[in-house]
Amino acid sequence: MVAVKDADFSDVDAVFCCLPHGTTQEIIKGLPKSLKIVDLSADFRLRDISEYEEWYGQAHRAPELQKEAVYGLTEISREEVKSARLVANPGCYPTSVQLPLVPLIKANLVQPKNIIIDSKSGVSGAGRGAKEANLYTEIAEGIYSYGVTRHRHVPEIEQGLSDAANSKVTVSFTPHLMPMSRGMQSTIYVELAPGVEIKDLRQQLKLSYEDEDFVVLLDEGIVPRTHNTRGSNYCFINVFPDRIPGRAIIISVIDNLVKGASGQALQNLNVMMGFPESTGLLYQPLFP
Amino acid sequence: MVAVKDADFSDVDAVFCCLPHGTTQEIIKGLPKSLKIVDLSADFRLRDISEYEEWYGQAHRAPELQKEAVYGLTEISREEVKSARLVANPGCYPTSVQLPLVPLIKANLVQPKNIIIDSKSGVSGAGRGAKEANLYTEIAEGIYSYGVTRHRHVPEIEQGLSDAANSKVTVSFTPHLMPMSRGMQSTIYVELAPGVEIKDLRQQLKLSYEDEDFVVLLDEGIVPRTHNTRGSNYCFINVFPDRIPGRAIIISVIDNLVKGASGQALQNLNVMMGFPESTGLLYQPLFP
Amino acid sequence: MVAVKDADFSDVDAVFCCLPHGTTQEIIKGLPKSLKIVDLSADFRLRDISEYEEWYGQAHRAPELQKEAVYGLTEISREEVKSARLVANPGCYPTSVQLPLVPLIKANLVQPKNIIIDSKSGVSGAGRGAKEANLYTEIAEGIYSYGVTRHRHVPEIEQGLSDAANSKVTVSFTPHLMPMSRGMQSTIYVELAPGVEIKDLRQQLKLSYEDEDFVVLLDEGIVPRTHNTRGSNYCFINVFPDRIPGRAIIISVIDNLVKGASGQALQNLNVMMGFPESTGLLYQPLFP
Amino acid sequence: MVAVKDADFSDVDAVFCCLPHGTTQEIIKGLPKSLKIVDLSADFRLRDISEYEEWYGQAHRAPELQKEAVYGLTEISREEVKSARLVANPGCYPTSVQLPLVPLIKANLVQPKNIIIDSKSGVSGAGRGAKEANLYTEIAEGIYSYGVTRHRHVPEIEQGLSDAANSKVTVSFTPHLMPMSRGMQSTIYVELAPGVEIKDLRQQLKLSYEDEDFVVLLDEGIVPRTHNTRGSNYCFINVFPDRIPGRAIIISVIDNLVKGASGQALQNLNVMMGFPESTGLLYQPLFP
């Protein structure tokens, strides 16, 4: 933090802020107003300060900055990001959930209730801290759910879906830890609005994303795989009919470290700076 | 098959039949009536022959044997297994789903509709056949859903839950392939019957399984992990409140190769033969 | 340690001591002389106290106990173990290296010089401590050598081989960390004594181990695999001709947590107590 | 092959030939003489046709092309590659072995005898064919040696080292299969020439590679890790003193699919075409 205080930003236009949750509020307050900032922490993601305090267990120390911050789910908020000074970069789970759901809820195709989100994440989502829970021997060859219904990404997801629905949405969200380093899948179980069919969902997603570089609706029947995103900024989405009439299954996959973190941060910075949006992001997935 | 025909069964009381789906119908027809048989294939699991033909794409060649077969989910059908000559050993997914759900549906605690089952399986469930899809390079460090809504275990699950509900149950079932050899988790999202609470579900499961050797309701709040079952015949279950009022999340884990296959087969044989039920099954999980 | 001090050992015949290296010297000094002890730490493995001090960087605090301790490589030192009060349980690498080499060196079939040992270990060998180096993300999908020529198991290996050779042996030993939880392979490159052939090595190993429960010489040409030992107390060994005339390649595999640790400890205890040596150890390897 | 016959190469300057071993000899014979070709198969790697026939079990069908082919270990043979029409792209193991050893043998620093090569490879080296041996369940959580002393890369390694030594070199080469998709390490045990020290080896490698983009001698004491090369065209090398006087341990790591295959192929093509050598190859390693 001393380093930040003494840093000379006179020749700097923009910065990424990659510090632990809870620590960037103070630091960003101290940065020159001329700097454009993409904050990768969770500090400025929740518009409602009381939600922040409930889920993160501490008072927010920069509420005025929170008012200014733009939630940077690039494809959804590109216009706001363009003119933002401070962008709160979305969490990985919220990115994988909102990209498919926001357009469908906005278009009233999916009911904004009883949304069941079963997410699966590689272990890098937990960071590089030396925790017993993340040792190779604890993770390899096994899976488990963690933070059942209580994961901190819940309010972020509900904020985005509530905005889309124009009403308060409460979701069922269960994250699972996978024996892999990178990759994230959200399998989302939804009720269709009356009269709506699977092809309507596909049509809406096609419309929403056909001009996007990084969000791709797969051809009918093709299952998204995390392998197809590893090391890349892509989000792949598809929609499937459920056996239960009136329901659909939506699957989205991302690399949690790229579209779910640093890649989307760079995408946001490109938008803020007026650079071509894919600058530095055209890596292809690495497989195997 | 020649080997089977020429085999001398005069000193044999019981056999396991571990042949591919579709091949055991003929073979079992040819075996002596005095033999007790546990069939690990799917050939005799579905009581409704027309369901078998729909999901397996071929006519059933031993419908009279099908009538005699007992579906061997041991804890649920122990009495029928005791006197059975032919036991159809359950599939791995159906075992992980029915053990927690059958008692709860029978007791009218969980609504028999809109049941969402998100299952995750180690790759050994696919057998040892040399398929590109199951190469190390295809599986390691990635996940995907397969057979979305169309997996052959669907009718087996629906048969068991319909029996419990005494009405036709249709489920949403999505299996996912995990980068691990063994282990299976079903995360099950249900609607509670009116007035029912989480503690009622836990109480019912406690009652149902407190005298069982292999099915264990974990203490409140403890998340089942596949690691805790690896190499063992255990099924661990727990129930969690959902964020959405009136809903619950049920998690069960098994080793798909043991309680989901050979272990349950031996358990059934022990019951059929009058041996202590845990004979040969008291292996502890191997971790790490 | 208080717990140990206050413990009542009046009804106890024998104990395993499973404490970190460096801590058991004091503790064992304080235990009743009537207790039989198998110490799983490295504290009593090196007969030469000055070697201990050089490799472990501290003075030995129980040199008189060190004199009494028997190095418990069961198959090699069974007679001494039988009458021992304190057994120092061997390290995992030394077990995998000495079991094949000691009989061959004793019989003058392999030259006691230029012995090259390239060992590969699963990460559980490093314990369960929360170290960044052992996180899933650091270990999965990659390998590296560690402690090149400086691993603490070097003096233990050299002590055993020097005993066998009746002269000071210096080895080249390079351990490698594998992306797996359990399992250990030592690939050992040796020079044959003049006139010796591969079949002579196989013949000697057959003689040495044909009556053993846990050490197995595989049939000619069969490659030992760590999978064949996982979860079991077995050590599998084989010998192969090298392309370079006059040389051989010896491969041994164990489960580092069983024959390389707790399994051999129990084997030693069985010998000390006069129990059948395989009591509690007849687990079969778990595969996959 | 029909496709190749009917193809129109009039606007094509160069091609990669990525066909199975044994099939490219005929195909390349049929291609226009104006085409520059990098062949990724083993068909043209061995100058001595009789060696090819011994190790691959079939007569060579294009011996005249073999005479023309240049062995494309880029850093070692850059000048020949520049003017080559047909480049035989090296195998993965030979690349990892020759890059460190060729300069050291040429400079008479390492003795060209008793060279022990213990190599470890990710399973992608075996290709994507549907073989039981490469299923996830066969590979995960276990290791083994394969092709002990008989791997087809032996003659390729010996050819390169014999050229460097100006005398026939016979090596001990043992490949091991690792539970990982990509990555290769060769741990090489050598005898130093009289009077030579570790620093002389480091000095020679520094001289040989300091101007190279893709071959890097690490700082003293730093252990090369396959993680540092994954998805990149780098080869990292280091040299360590052995405990046995007069010996050294050399470690090199590559990504077997990049510097060990397609990356080096592109590097060769760049040289043949006069493009900057790193064109298309500046990917950074993907970690984790």
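When the chains are written out, they are named A, B, C and D in that same order, and each has its own residue count from 1.
Convention: a contact is a pair of C-beta atoms (placed from the backbone, for glycine too) under 8 Å apart; a residue touches a chain by one contact, two chains touch by 3 or more.
Because the structure is predicted, anything quoted here is derived from the model rather than measured.
Trainee: Would you kindly count the fewest steps from chain A to chain D, each step being a jump to a chain that touches the current one?
Mentor: Counted as steps through touching chains, the separation is 1.
Trainee: Taking each chain's centre as the mean of its CA atoms, which one is most distant from chain B?
Mentor: D
Trainee: Is the C-beta contact count larger for B-C or for C-D?
Mentor: C-D
Trainee: Where the centres are mean C-alpha positions, what is the separation of chain A from chain C, in Å?
Mentor: 49
Trainee: What is the distance, in whole Å, between the centres of chain C and chain D, each centre taken as the mean of its C-alpha atoms?
Mentor: 36
Trainee: Using Cα averages as centroids, what's the distance between chain B and chain C in whole Å?
Mentor: Result: the chain centres lie 42 Å from each other.
Trainee: Provide the list of chain D residues touching at least two other chains, using ranges where the numbers run on.
Mentor: 124, 137-138, 140-141, 179-182, 230, 288, in rising order.
Trainee: For a test of understanding, state which residues of chain A touch chain D in their complex under the given definition.
Mentor: Counting only chain A, the residues touching chain D are 124, 140-141, 181-182, 230-231, 283, 286, 288.
Trainee: In their shared complex, at which residues does chain C touch chain D?
Mentor: So the residues of chain C in touch with chain D come to 113-114, 116, 118, 120, 122, 137-138, 140-146, 148-149, 154, 170-174, 176, 178-183, 185, 187, 189, 223-227, 230, 240-244, 247, 249, 251, 253, 288.
Trainee: Report the residues of chain D in contact with chain B in the complex, numbered from low to high.
Mentor: The contact residues of chain D facing chain B are 123-124, 128-132, 134-141, 179-181.
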